[in-house]
Every structure is written in C-alpha cells, then in structure tokens.
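Submitted below is the structure of interest, expressed as structure tokens.
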Amino acid sequence: MLFLVKMDVAIPYDLDPAERTRLLAEEKARARQLQRDGVWVHLWRVAGQYANYSVLDVASPDELHEVLWSLPLFPFMTIEVTALARHPSAI
Amino acid sequence: MLFLVKMDVAIPYDLDPAERTRLLAEEKARARQLQRDGVWVHLWRVAGQYANYSVLDVASPDELHEVLWSLPLFPFMTIEVTALARHPSAI
Amino acid sequence: MLFLVKMDVAIPYDLDPAERTRLLAEEKARARQLQRDGVWVHLWRVAGQYANYSVLDVASPDELHEVLWSLPLFPFMTIEVTALARHPSAI
Amino acid sequence: MLFLVKMDVAIPYDLDPAERTRLLAEEKARARQLQRDGVWVHLWRVAGQYANYSVLDVASPDELHEVLWSLPLFPFMTIEVTALARHPSAI
Amino acid sequence: MLFLVKMDVAIPYDLDPAERTRLLAEEKARARQLQRDGVWVHLWRVAGQYANYSVLDVASPDELHEVLWSLPLFPFMTIEVTALARHPSAI
Amino acid sequence: MLFLVKMDVAIPYDLDPAERTRLLAEEKARARQLQRDGVWVHLWRVAGQYANYSVLDVASPDELHEVLWSLPLFPFMTIEVTALARHPSAI
Amino acid sequence: MLFLVKMDVAIPYDLDPAERTRLLAEEKARARQLQRDGVWVHLWRVAGQYANYSVLDVASPDELHEVLWSLPLFPFMTIEVTALARHPSAI
Amino acid sequence: MLFLVKMDVAIPYDLDPAERTRLLAEEKARARQLQRDGVWVHLWRVAGQYANYSVLDVASPDELHEVLWSLPLFPFMTIEVTALARHPSAI
Amino acid sequence: MLFLVKMDVAIPYDLDPAERTRLLAEEKARARQLQRDGVWVHLWRVAGQYANYSVLDVASPDELHEVLWSLPLFPFMTIEVTALARHPSAI
Amino acid sequence: MLFLVKMDVAIPYDLDPAERTRLLAEEKARARQLQRDGVWVHLWRVAGQYANYSVLDVASPDELHEVLWSLPLFPFMTIEVTALARHPSAI
C-alpha cells in the first residue's frame, strides 16, 4: 500500500560537521537501498526547500513507521503522512 | 491495520428535514453494522461538538476509503485520517 | 517537468443532479485522456477525503495552468501546486 | 471517563545521552504500569512521527493532569487533550 | 468537574426572523436555568464578538455534551472545550 | 473589569536548576498574593499542559499589563488576553 | 482606556441592494457620531481590503462591546479586539 | 512606490451568467488600462489557481486602495498587500 | 503615509545582561527620538505581551524599512506591517 | 519560466560575527551575479522584515532549486516557491 510522505529536514547549524557528514552519507545510502528494495518508490526534492515528497510502498503502517523511524536523519525531520487509495479515474 | 479518523459533521441548516432524518437513520444503521463487522472498532463523540473520533480496523487504505466514502453523511463531513502503528511501550 | 498537485473537491450539495452527473463524467474522461497523454502521470485518492494527490509532467507552468484550469471540476476545487526537482539521492 | 490525548515528543538533540536513556526507560516503565492499572487504555504510535495518540480512563481532569504531568518525558512533550463522550451510535 | 467552553455564534442572516426570535428566547431561558442549576457557573461575553467564554460544572464529559448539544443555538455554534484541573497555586 | 488570560509556560530545559526553583517559588507566592488581593479571581490548570486559564479583575488594561509583566515567569510565558463583558443572559 | 479593533466586513453579495444601501448609510452616520463623541478615536482603512483598524476610547469592555454590537454592519463583520496599555517609551 | 498584491478570486457558482460575463470583461479592460497607465506593473497568474500575484506602482496607500477597491471583481476577491522596499543587493 | 506596525519582541533569555541593558536603553532613546521627529506617531503596549502596536508616518515604504531595520531590537523582533489608507467615514 | 520566491532570513544571533560578515558579503555577490545573469529578475525587500520577494527566471524547477540551494544564506532561510503562469489580461 502507498503512503505519501513529506519530510522537512532541519539540521541544527551547530551540529558537529563530521557528524553531519556521516549522517548525510548514511541517509543517502539508506534512501538508495530502500529504493532498490522497492519500498521508496518515488523521491522528489521540493524545489527551493530542504524537503522531499516521497511515496513509499509498504505492507502496513507498522512497516512504514519502522522505515521512517530508522532513517538516520529522522531526529531532524518533520514528517507528514497521507494514506493513499486507488483513484476511480486512474488508468 | 488501524486508522484514527476524526469526522466533523456540518449539515446545511436548510436541508430538507425529511432528507435529514433519512440520512441520520441510515448513518446510524451503517455505523452500527460496521461496528458489528469489526471494522469500526471505536466510536467516541467529541464532547461539545458534532464530531467523532473513531478507530477503524481495515485491510488497506483502499478499504478505509471505501468505508468512509460510502457513509451517508460523507458529503457533509470533514475527515482527517491518521495511520496508527504499534507503540513499543504498548502491552 | 514535474509538479505535485493536491486537489480538494467541494461540489455544492444543491447543484443540479444532472449537472453534477455531467461534470463528473467529463472530469473522469478528461483525467483519463491526460493520463493516456502522459501528462497526468500519477493520480492517487487521499484516503477518507474527496481529494487527490497527483503528479503532472508538463513543459512549463503555463501548460500546468492550462491543464488544471480546463478541468471540468476546476471551479469546485481548491488546488495547491508544488514544483518538484530531482533529488540527489534518487536512483 | 475517557480522554483522547495526543503527545508529540521533541527531545533536544544535545541532551546528555545517559539522561536520555534514563528518561526513555522510565517513560516506558511508567507507560506500562499505567496500562496495567487500566488508566492508559489505548496507546498507538502515529506512523512516521515521534508521537502517540492515547486514550486514558480517569476519574476526573485532575487525575488526567496528574498522570500526564508526572510522565518522565512531560517536559519534552506537546500535549493536546480532547474530552470524549458516549456516541449515540456506539454499540 | 470544570470545563472552559468557548461558543462562537453564527446565525445565518437569512434565517426566518420569527425562528430567530424564538431561538434566542429559548437559548436565554435555557442558559438561565442552567445557571440556576449550578451547571453553567460562569458566562462572559467576549467583548466585540458574538461569542462567550463559559465555565460549566458537570459530572462527566457525557453530561457536558448533553448540556451543550441541547442548547437551542447549538446548530449555529462553533464550540471549543478545555478540561480544567486544580492549579497548585490556587487558594 | 475582567480579562480572560491564557498563560503557556515554556521554561528552557537547561535553565539553572536553582534559578528555576527560585522562579517557581516566587511565581507561586506572587500568584497567591494576587488572589488574596482580589485581582487574580480565577486560576485553573489546563489539563495536560503547563498552562493556565485565569480571570483577572483589574481597573484598566494598564493595571492588567503591570500585573502580568511583573510575574516572575513572564519571560517564559506566551500570553493571550481576551476582554470580557457582561453577558445579557448571565444572572 | 484604548482598544485596537480590526473589523473585516463581508456583506453577502445577494443582500437586497436597498437594504445594503441603508445599512451603509447608517454605519457611516454611526461611525461619524462615535468619532464626534470621542469614542472612535482612530479609523483607518486597511489598504486593499474591506476592513479597518480602529482605536476606541471607552470606559470599560462593557462599553466597548455595546458600541461594536450596535454597529449596523456588526452582523457582517469579523472583529478582533486587542487591549492596549501605555508603553514605557511613549512620550 | 511598489506593493506586491495577491488576489484570490471566488465568484459564487450561482452568479447570473450574464453578470459574470460582464464582470470579467470589465475586469480585463480595467486591468489592461491600469497596465497601460504604468500602475499595474506586473501581473502573473498563480499556476493552478484562480489567483494572481501583481506589483502595483502607486503614489500612496490611498491610491493603492482606490485602484483595488474599484476593480469590478473586488467584491469577490481576497486580497493581501505587502509593501516593498528597495533591496540593498538589487542592481 | 501611515503604516500600522506590530512588533513582537523575543530577546534570548541567555543574552549577556549588559548587552540587554544597553540594547533596551538604545531602543528607548531611538523610539523617543522618532516620536519627537513625528515619524512614530502612536506607540501602544499590547496588554499582557512583550509587544507593541505602532503607527508610523513616513514618506515611503523605503523610509519605513530604514526606520524599522535600524531599531536596536530589530534582530529580536517579529514585525508585521499593514498599509493604511484614509477611511471614507473618518472625519 | 518564472517563479515567485519569498525568502525569510533568520541568522542565529550567536553566529560568529566574522562568519556572518563573510556570509552576507558572499550572498550579496551571488545575488548580484544572478541578477546580471538574468536569472534573478526581481529582488524586493519586504518592508519591515528581514525577508525578500523575488522573481527568478529559470529553465526548470531543477535549475530553480540549484540556484536557491547554492545561496550562502540558504541554511538560514525559510523559502516559499510559487510557480507563475502568463495571465490572460497581461499586456
């Protein structure tokens, strides 16, 4: 099932630079793995913001939460989730 | 899977009274059937408002949407949906 | 280029039923044609709401506006547009 | 009587890690005890957020406040309370 | 137990004048009876608005809802409820 | 004249503990004195929040401001003021 | 004492034109009388809106409410009131 | 001096079609004249909305208000005004 | 021309006390000079808040911005500006 | 294609002054270069705020994002983007 997820990122400006670098590398690796796994099926940057809109394909809200909670940047993100259903006009 | 649903009801004051009576009876019958079916697992009135907080147990967001869309009062409701996951401290 | 579009639909309850039926049929036909044309690339129902999240692939904001403005239900929709860019972690 | 409670947690990222670990363990123990006591009757994670929706069964708003105020994470939570009443369609 | 209640009144301007007069008289009578009964313990007008802040003393959220739901102007009011607890500095 | 005042308290978590203890003791003493003086006529805790709703009886907005501004916790409070008038249905 | 008042006006577009003309004339006459009486001490149009910011000098919130409630356009206005106090830097 | 103006248009769906046609033609003529006069210096459609962002060059807020107030669609528009100043990095 | 300006002040609680004292003294001196100059024509405290509503009389938005930007407390203020026009009912 | 961009700047007050000076100089140089390049076609200060409204002319949302993301002050800005289309009444 699909969920639309908006993630706004706000990393404190005084975070240790090495820690920041490490977090960003881990986040990118994790995002790519989840895409290869067919879980993170769309990932778009919001133009002009440190934010993304994503679509995740998961088996349940439990799996959705596990995936998001385990993201390295989760502690610095504000996340909104929208459950998606099939649209009767979709082909 | 569980979804928390808030439904705010706003029936136009000039709706035909017979139509209103019919809608309310149908809504009540439908809500009770869905409870007996184990789909509408919690139904609470928000004190002081023509609104409810409910928990629905469905197989997917598609089923959730079908259930809500088919409610007789759906055209007069503002609905917010929150996907729920298991809490690690829940027993 | 891609735009995420949220469309909330609110058709007045006292709209002439024949007019409503005609509008909905035209909207569905138009939405399907735009999908076949490769313009309306994603169309998801927001679970529990008379609303959709869509992704449109257009050549410019001018084309985006023309597409949305010409939808039969446009006069009854509240629309939000988000410009999407490529995400550096997308594969 | 029942109250729906939403708790959003925001622990400062620079809180001492040992203090954080201690707080989380105490919070979990307290949440479990309150569940065993029949006070915290529902506890759900909001999918994708460090937040929960809960239903508490208490004798009064005074007891509700005591329970919430004494949670170890209370200083780091934003809490919203909704008083619930019996719904006429509930079975 | 005490609840702070804000009631905003918005009567449609085209409501039948006789119906309006009847509703207002009934609302005033009901409000006065509830004050005499010790249920509606404070009733203040919000300066400059067709609104009031009230404090109600009831046995439960169920009773609070019954009282508010049965007000003649309930269909034309937007109501917010806040559960109140004893303050440790109150004398 | 009466003013409804909502005070939300947010003391920084890293405030010196001795300073915090001193502030809280001074706030409580000041709140009690103002109650004995007949100025702070109602003081209720908002259930589940570090916040209160209060009613103050003062001679003018100037006096209201002096009272609130001089509260020891004023620098850590977000305050909303509502001017109250006599309600025509109050007895 | 002074209150800053924002009044937003929204007259239904289908109001009887004669009624509208009468209301506007009465509102203007009333506003001018209140200015001559020294009650409505400032009256500014918000540029680009059917709205005004005003300062009223009254003896109490009760008088403020009576003045505003009795305005001919009151039923079509959304009003916000801010109690003003003397500023320590004012000369 | 320059003001950024956002105009959201919401014409009631049941407005007389001839009246609507007349209003739209007058609005277009007026907008074009104001552009030729050098008052309405920018006029952009918000993609996906019945709304525009405009920049007006006027001698004062009084002139700005007169221009906007006299627009044929003014009664059906929600307008926000932002006063613009020269930016120190502008060339 | 007149602008209504709301200034909310939020000085960090851990600002150096000597710096705070210096800033406040400079702000007061500047506010008084601008009042004597006929620029800052009204200055009112919002009762219960570290905030003011002010009316400034300037030659342009450029001058308005220069005046506000150069206030010693500007970095710690949230400012909202409303352009004011002459009201047709003002005398 | 054109995008309206609002940028609100909030530099932490405890940022190293030399770093602040460097950032501001780089931001100004970058903004001027982008104007000379015909990308940043309008740049206005919002009167009374550390904010600007800008219009950028870019080939795509991707280019818009690259331009904004690479601004030296990007980490300290809150940015809102609005896609603009040609207005049918524009001349």
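Note that the chains take the letters A, B, C, D, E, F, G, H, I and J in the order they are written out, and that residue 1 is the start of every chain.
The rule is short, and it goes like this: contacts are C-beta pairs under 8 Å (C-beta built on N, C-alpha and C of every residue); 3 or more make two chains touch, one makes a residue touch a chain.
Nothing here was measured: the structure is a model prediction, and the numbers come from that model.
Touch-path distance (fewest steps) from subunit B to subunit E is 1. By the residue-number overlap criterion, the interface of subunit I with subunit J counts as different, with under half of its numbers used by both chains. Across A-J and C-J, it is C-J that has more C-beta pairs touching. Legend: contact pairs of E-F compared by residue number with B-E, I-J or A-C; the interface matching in over half of them is A-C.
The distance from the centre of subunit H to the centre of subunit J, with each centre set as the mean of the Cα atoms, comes to 24 Å. With centres defined as mean CA coordinates, subunit D is found 26 Å away from subunit A.
Separating the centre of subunit E from that of subunit H, both taken as means of CA atoms, is a distance of 42 Å. Multi-chain contact residues of subunit H, defined as those touching 2 or more other chains: 2-3, 45, 47-48, 61-62, 64-65, 81-86. Counting only pairs that meet the touch rule, the chains in contact are A-B, A-C, A-D, A-J, B-C, B-D, B-E, C-H, C-J, D-E, D-F, E-F, E-G, F-G, F-I, G-H, G-I, H-I, H-J, I-J. Of all the residues in subunit D, the ones that touch subunit F in their complex are 3, 5, 12, 15, 61-62, 64-65, 68-69, 75-76, 79-81.
Subunit I makes touch with subunit F in their complex at residues 13, 45, 47-49.
The residues of subunit C lying in touch with subunit A in their complex are 2, 4, 27-28, 31-32, 35-36, 42-48, 52-53, 55, 82-91. On subunit I, the positions that touch subunit H within their shared complex are 1-3, 60-62, 64-66, 81-86.
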